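Some notes on the structure that comes next.
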Amino acid sequence: MATYVLVHGAWHTGDLMAATAEPIRAAGHAVHTPTIAGNNPGDSRATTGLETAIASVADYITGANLRDIVLVGHSYGGMVITGVADRLAGRIARLVYWNAFVPNDGESLNSMVPLHYRALFDQIAAASGDNSVMLPYPIWREAFMNDADGDLAQSAFDQLNPHPYATFTDPIKLSVNPAEMQVAKSYINFTEDTALPHSHGWHPRLSEKLGLFRLVQRPGGHEVCFTNPEGLAEAIMAAGRD
Amino acid sequence: MATYVLVHGAWHTGDLMAATAEPIRAAGHAVHTPTIAGNNPGDSRATTGLETAIASVADYITGANLRDIVLVGHSYGGMVITGVADRLAGRIARLVYWNAFVPNDGESLNSMVPLHYRALFDQIAAASGDNSVMLPYPIWREAFMNDADGDLAQSAFDQLNPHPYATFTDPIKLSVNPAEMQVAKSYINFTEDTALPHSHGWHPRLSEKLGLFRLVQRPGGHEVCFTNPEGLAEAIMAAGRD
Amino acid sequence: MATYVLVHGAWHTGDLMAATAEPIRAAGHAVHTPTIAGNNPGDSRATTGLETAIASVADYITGANLRDIVLVGHSYGGMVITGVADRLAGRIARLVYWNAFVPNDGESLNSMVPLHYRALFDQIAAASGDNSVMLPYPIWREAFMNDADGDLAQSAFDQLNPHPYATFTDPIKLSVNPAEMQVAKSYINFTEDTALPHSHGWHPRLSEKLGLFRLVQRPGGHEVCFTNPEGLAEAIMAAGRD
């Protein structure tokens, strides 16, 4: 039985991983779903950067004294688990990237997205008053929730929170790049995930920065935590098993 | 309940969309399957160009006074629905491209296919006597009907009609390119569709010309109207819903 | 009813195709699963090159006087069936490449793999004493058996045999390249096959060297003969039918 730590993406909280955690627990594993600093209701968006975000998950893990972890990161969560793995290497059994960013030392999330996304985020953050970003609903509905009906797209959108933009623009500091990390690695790619356009997509463009890794692919969009949590749980266990 | 207009591809007629229309109607929607000018039995192949083809579908829509349409185009039908959307913008709720060409102003269908297809079509049209093209059976069987058995490949082939080649070579005239059209858009990609070779394929090469769009992907080849009409109907409804 | 000859990949034997052959036989076809020279227990790895390997399968076919064959090759087996098709064209009804190498005249298997694989193989062969290569277990487990659990990955690994490296480095001699061969062709692509990295993958990079071919795609990794032999058998029959 393994210990899974599921690290959510931008605009999400740990609570939104509950439906995914349930079938993994039912299979006998321990599952943790912390919320990254900057995404809790009361957190300051203005003052949270990538270092703070990474530290909050690392602190969660050392605070609970978790070991032999399968550490899963979704989307922006890939930035966070990469930083955590660099700091807490001895506690991690396997890294699992789920349609997630894979940074090398010095790279920011924004350095891996298309120019038109950066321009849009810059504009939204500038208008926010606290350097936070939200996703315009039409992009969420068409590019993130393409496998949902309109009601689910809307109800999921209503649960999102403004995201601290500095975590997208801060370059990550790593002592070693993911390909050289001495830990097992998996990449879960949902094949209809167009949160990044497929001409500039998740896999293999970002996944292959891991060096040797295990690919798990399933049908679905970027937000299977809403549209298919059972399928996501199955994929996570296929990615996380020995 | 929505109003679907299904626009067939080259060599096809509206009648060949009947098996796909049926489950969409059974789900409560209105479905129209007009035949594009140039593909009816008696139509002159020699004198039908892209403008005539587009006008025939636009006339069908205004003649029936259809509004709030989900306008679906297959393959060559992508040229036609793009032209119709430019002329009848106010009547279209969503454009759905199903393994379809997406032209910008001034582009022809032929400008989006590999050189060896153009050379083949030129040769066939020149030999036809009326500037029409047919698909050689081996290409139909292997590249279009790869998911069918031999009997279905042959019986479907027997229902095709010679296609007016000018509709492939005429550049389209648009006042605005698809990415800038103020209408919702979806792209349905069947993942084994090799009517275009995958190195020069439908998605994301052509789909991303839409700007923001909803991707729906399913297993199947180019001719799921024959090999899996129920699956195609399901995909069209997932692409067309709000 | 067709006659199938299934040609295994590197490190495998014909016996490992037994579970795949069974459902094809149950559907009424004749199935042969020869072992390529160099992969039998007693064969000399040091002295077996690509010509010897090809000749051994050609001899099997002429020895059993097989005709109208659907000749299927897996991975390295694509080198072998291409060579056999060039020598025994009159006996082959269709070539089926299953995540297999497609060589043109003068190409070696090694010329189609990433540089880091070649460097690794060179090193392993140099240390072997008989110019043979084995796959390190971590690569097998993560990149070849990504769709298996750990027990199956290990038990399958235990059945592999050292492979004669000259068959990877010898250029093939062909009188005609696959695209010009006058025989029907299919390519089966398992979509999670990362034995070649997807940025430098099987399909369409290698498949399109066939010219006109039938694509069959299914979910699964490189070693579906272990992880899903029934699904593989179904795919082979969809690729091999008229």
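Details
Every chain is named by a letter (A, B and C) in the order it is written, and numbering of its residues begins at 1.
Following the convention adopted for this analysis, a residue touches a chain if its C-beta (ideal position, glycine included) is under 8 Å from a C-beta of that chain, and two chains touch if they have at least 3 such contacts.
As the structure is a prediction and not an experimental result, all values here were calculated from the model.
Counting the residue numbers used at the interface between subunit A and subunit B, under half appear in both copies, so the two copies meet with largely different residues.
For the pair subunit A and subunit C, the CA-based superposition corresponds to a rotation of 120 degrees in steps of 5. The distance from the centre of subunit A to the centre of subunit B, each centre being the mean of the chain's C-alpha atoms, comes to 38 Å. Listed for subunit A are no residues, as none touches two or more other chains. The touching residues of subunit B, counted against subunit A in their complex, run 184-185, 203-205, 208, 212-217, 238, 241-242. Taken in their complex, subunit A has these residues touching subunit B: 138-139, 141-143, 146-147, 149-150, 191-192, 194, 197-199, 219.
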